[in-house]
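In what comes next, chain A is part of two complexes: it sits with chain B in the first one and with chain C in the second one.
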Partner chain A sequence: MTAKQVIGQAAFVGFTEFKHVYTLKTWLTGWMLRLVSQVVFFGLVGKMAGDRITAEYVLLGNVVTVMAIEATLVITTAALERFQGTYPMLVASPTNMGLVYLGRGLHWVVAGLGSSALVLALVWGLFRPDWNWRVAVFALPCLALIGISAYAYGAFLAACSLRHHKFRWLYLNFGFTLLMTFCGANVPRSFWPAPIEWFTEFLPLSHGLAAVRTLAAAGPVSEVVGQLALEICVAGLWAVLTLVFFERIAGKGRRDGSLNFTS
Partner chain B sequence: MIEVTGLGRVFTKRGRKAKRAQQGGSAAPGSRIVALEGVNLSVPEGETHGILGPNGAGKTTLVKILSTMLLPTSGRARVAGHDVATEADRVRRRIGIVFGGDHGLYTRITARQNLAFWATMYRVDAGVVKRRSQELLERVGLTDRADEPVEGFSRGMRQRLHLARGLIGDPAVLFLDEPTMGMDPLATRDFRDLVHELKAEGRTILITTHDMAEAEALCDRVSLIDHGTVLVTESTATIGRMLSGHDRIDITLREDQAHLLAELAGLSGVERVDKLPEPGTARIHTTSADANPVVLRWLLDAGVDALRTGRPTLEEVYVHLVGNRGLTV
Partner chain C sequence: MAAAAKVQWNTSIRAPEHMAIVITAPIMSVIFLSIVRYNDRDDLVANAVIGTGLFGIWFVAVDVAGGVIQNERWMSTLDLVLAAPRAFGLVVCGRILPVMLIGAFTLLESWLVATVGFGAHLSVRHPGIALAALLVTLFATACTATMLATFFVISRDTTIYQNALSYPFYILGGVVFPLSALPDWIQPAGRVVFLSWSADLLRDSLSGDEVQDVLPRLGAIAGLGALALLLGIYLIRKAAERARRTGTVSLA
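Moving on, here comes the complex of A and B:
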């Protein structure tokens, strides 16, 4: 049994659950509307606070952040796992639960990709920013990569939330607020004190967003590639941390008896 | 196949209150909960073994340890030749787990998809998954509903799917924890038939229950457990004899028959007579099964025609066992 099969099966469960929760209508009129409002709000704040360049900076940052926000929603899937009572069953199976989690919430990445692409198209139409055409062509693969790294980061937080499931919403909000605030969505990372800026090197979104900004500014391709490579490294880091941490969580649960069936 | 030696599990309550109590030297007795203590158990290959006990006796804790969900705090346990604490992964490849209740299945996917998912988790060869899933669905009678989401299933259907899920890895040892809990009588009967089939295949089965009838119907031997300690391990026939030795007779007396209670108490074969809450009702505890016909004849001769014999509940058997063994339990 390969890791690919485990991730595939887990992803299938997640996609089926997602289809039960959302229809196209509820997704567009509920979730999408909320995301568009958020991006437009920040775009307008940028416009009021500064010049056109500032407005476009904030707008692009928030469009890309939509991807990261949605990917971190994998934390809510961990809560669902606990509610369904499948969590201890997974621990008692011969498969690493972390591997399951690397697939269990992949629907959030796909949904995030759809959301962010749609928001990008909408705000481009609404605000007519002066972004290079390359954004339209290459934004999607960049967003997908950001989604994967934010997802791996979210899966790590999901593992943490299994231990403190009462605080799962706190984990979710803390998780994406950290990205929104410090990873260059509204202000450059260099705005923050050096230790914080250094820390954001290891957070998803930082390098991927920088790559999209380079694309928008028609910067050199080599710079874009370098930034995306760093984003891949960040994704790998969080994926490894997730696998290790799930093992630790399962081990601790076996020791202290916290592998409960339900929340 | 299952070897348990001096197994113990103590839960320590977490949180500030418990910590303060421990630091202040006033560790409340509740801050440490002894769920299992000195449990010894040996289940040979092919045996269906029942763990009987009331709620909170430690049955589920024992199954959790044996199925690698929980570590013991003392003693050791081996399942299928492997230590549950140090060789958990090897144990997991040889066992199947079936818990009673609504939890443990993905309700938004179909029964077949659930089996495919769990087959992957149990590292079943991809080429085998489809065939084995179909065989199991047929076996548990879910073929017609195999492609429907589980959320529409009744309790009995879910439980049968739980059993199929537990068997997907073709386990040598199967743990069934209160498997018929909440099922209606017909579903319970069908489920027990399935367990009989598994038994006939030579699988080792450990089943926990608080239902004596279920234990008698399914098990070769049973262990009575209470307060985390095994009280007795015997064959079901022996336990049955222990039960029949504690039969009781419930009677309802008319007003003019009230004097009979005192006479009954002195009757040979009567252990004691307890008055019940309803006016004129009483419960006669006999000393042995042989005494029952004698006492019944005496009652009928005395004109008592409202009477009923019955077997004691499991709880009453416990009271007898603990009472008889005193501190030696």
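Moving on, here comes the complex of A and C:
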């Protein structure tokens, strides 16, 4: 099979499974309620600490972060293969297991795109922030790119969690909270010490969020395009790391017979 | 309740997922403190520290309440527990109580992040009141999470409702910002959530001013908690009866 076919088949499995995760009712009363209230919560924290501009800054940052949070949910999907007993078969197959995982959770990117777009619309309606109309028009492609880079980052963390699947929730929570904290969602990245700010250059969300902020402030299009290009580079970096790391995990698992026996 | 507490303690100290909040709470603390520091509002450091602590306490309680039901269901022991003569609500409450210590630990972590990481000076001006407020809050949290466990009994996937029961309560409970930050029409709803009383009292115990109406406020927290426990025992019984009748105890 070609790489495209592997990713396509893995994505098909993921989408089929996803139909059984939520009903429309549980998605609205469970997941969406959480996401909207999370964004409102941080918006109110921003309002308490600063003025209307601060609140709008924090609101926009957290709306966009919704996309990254949902994309990193691929970390929980990775452990499914262990539970279903299909993990050794994937390792035994001739293709790179990382390719499977790069397709296996793509439904989270699509779901995240829907969630973040809806949250953006609701927050805009509720708070009437002073964002430029361009956000409404161009948010979707920006969110999609952020979703893909956060997904590749999540797939890398999923690879790490395979050897410690009991810690998979820890990897997930730590993974997206790191993005929420340091990638400019609540305070500018320049607030952090220089080494941390430098490191965030390589994390998903940083550049995509900067692009959305530029759109909201009616900034130059060239800057938006430049930031989105950097976000694509970040996505590529994490995708390559995922492929390399999965190969290493599979190789080690074959050597020491630990594929199905790590905690 | 003691037996349930023992089971949960032995489970939690071997379950890394129950300790997740110990790792994520300091990061949440960093988020709140960074917003406060960036806006030159060091007067709000107490809000950030107490907010993170309450955040952790509530998170652990809801996480365990959902986890108890989900695990019993996976292990096929939910039917047996519901068939036992003791109220299942008491078992759930007993299992939540010991993990409240993990939740309370996040308060200490948050204080450490503020003082060591951000160089903030935060002293507890009324330690007795702070300790009493914390203990009553832990009790009320366990009781309220027991009531919310009703959702988990009737739900196929508890994770969905565990997610939904987090941030709405942080908003209505005013854990970081006071209830006055919310629109007028929603503030009365916040007063029904014990967290709003806890957050106010804990914040006041850190300030230098004299704390007013300590006993009535402690009573409000304890009263709301006790009410939630009674309601929880009743609702869980009703939900369990319905599950028995419809044959959905293990197959919700």
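The rule we apply is simple: the second predicted complex is superposed on the first by the 260 of 263 C-alpha atoms of A that agree within 3 Å, B and C clash if a C-alpha of one lies under 4 Å from a C-alpha of the other, contacts with A are read in each partner's own complex, and residues count from 1 in each chain.
Heads up, the rule we're going with is that contacts are C-beta pairs under 8 Å (C-beta built on N, C-alpha and C of every residue); 3 or more make two chains touch, one makes a residue touch a chain.
Note that the structure is predicted; figures quoted are calculated from it, not measured.
By the document's definition of touching, of the two partners only chain C reaches A:41; chain B does not. By the touch criterion defined above, A:22 reaches chain C but does not reach chain B. Shared-chain residue A:91: touches chain B; no touch with chain C. Contacts of A:49 after superposition on the shared chain: chain C is touched, whereas chain B is not. By the touch criterion defined above, A:58 reaches chain C but does not reach chain B. Within chain A, no residue touches chain B in one complex and chain C in the other.
Residues of chain A that touch chain B in their complex: 1, 5-6, 9-10, 12-13, 16-17, 20, 84-86, 88-95, 100, 253-257, 259, 261-262. Across the interface of their complex, chain A is touched by residues 9, 11-12, 14, 64, 67-71, 88-89, 92-93, 95, 97, 99, 101-109, 113, 116-118, 120-126 of chain B.
Those residues of chain A lying in contact with chain C across their complex are 21-22, 26, 29-31, 33-34, 37-38, 40-42, 44-50, 54, 58, 166-167, 169-170, 173-174, 177-178, 180-181, 186-188, 191-192. Only residues 15-17, 19-20, 23-24, 27-28, 30-32, 34-39, 41, 44, 47, 157, 160-161, 163-164, 166-168, 170-171, 176-178, 181-182 of chain C touch chain A when the two sit together in their complex.
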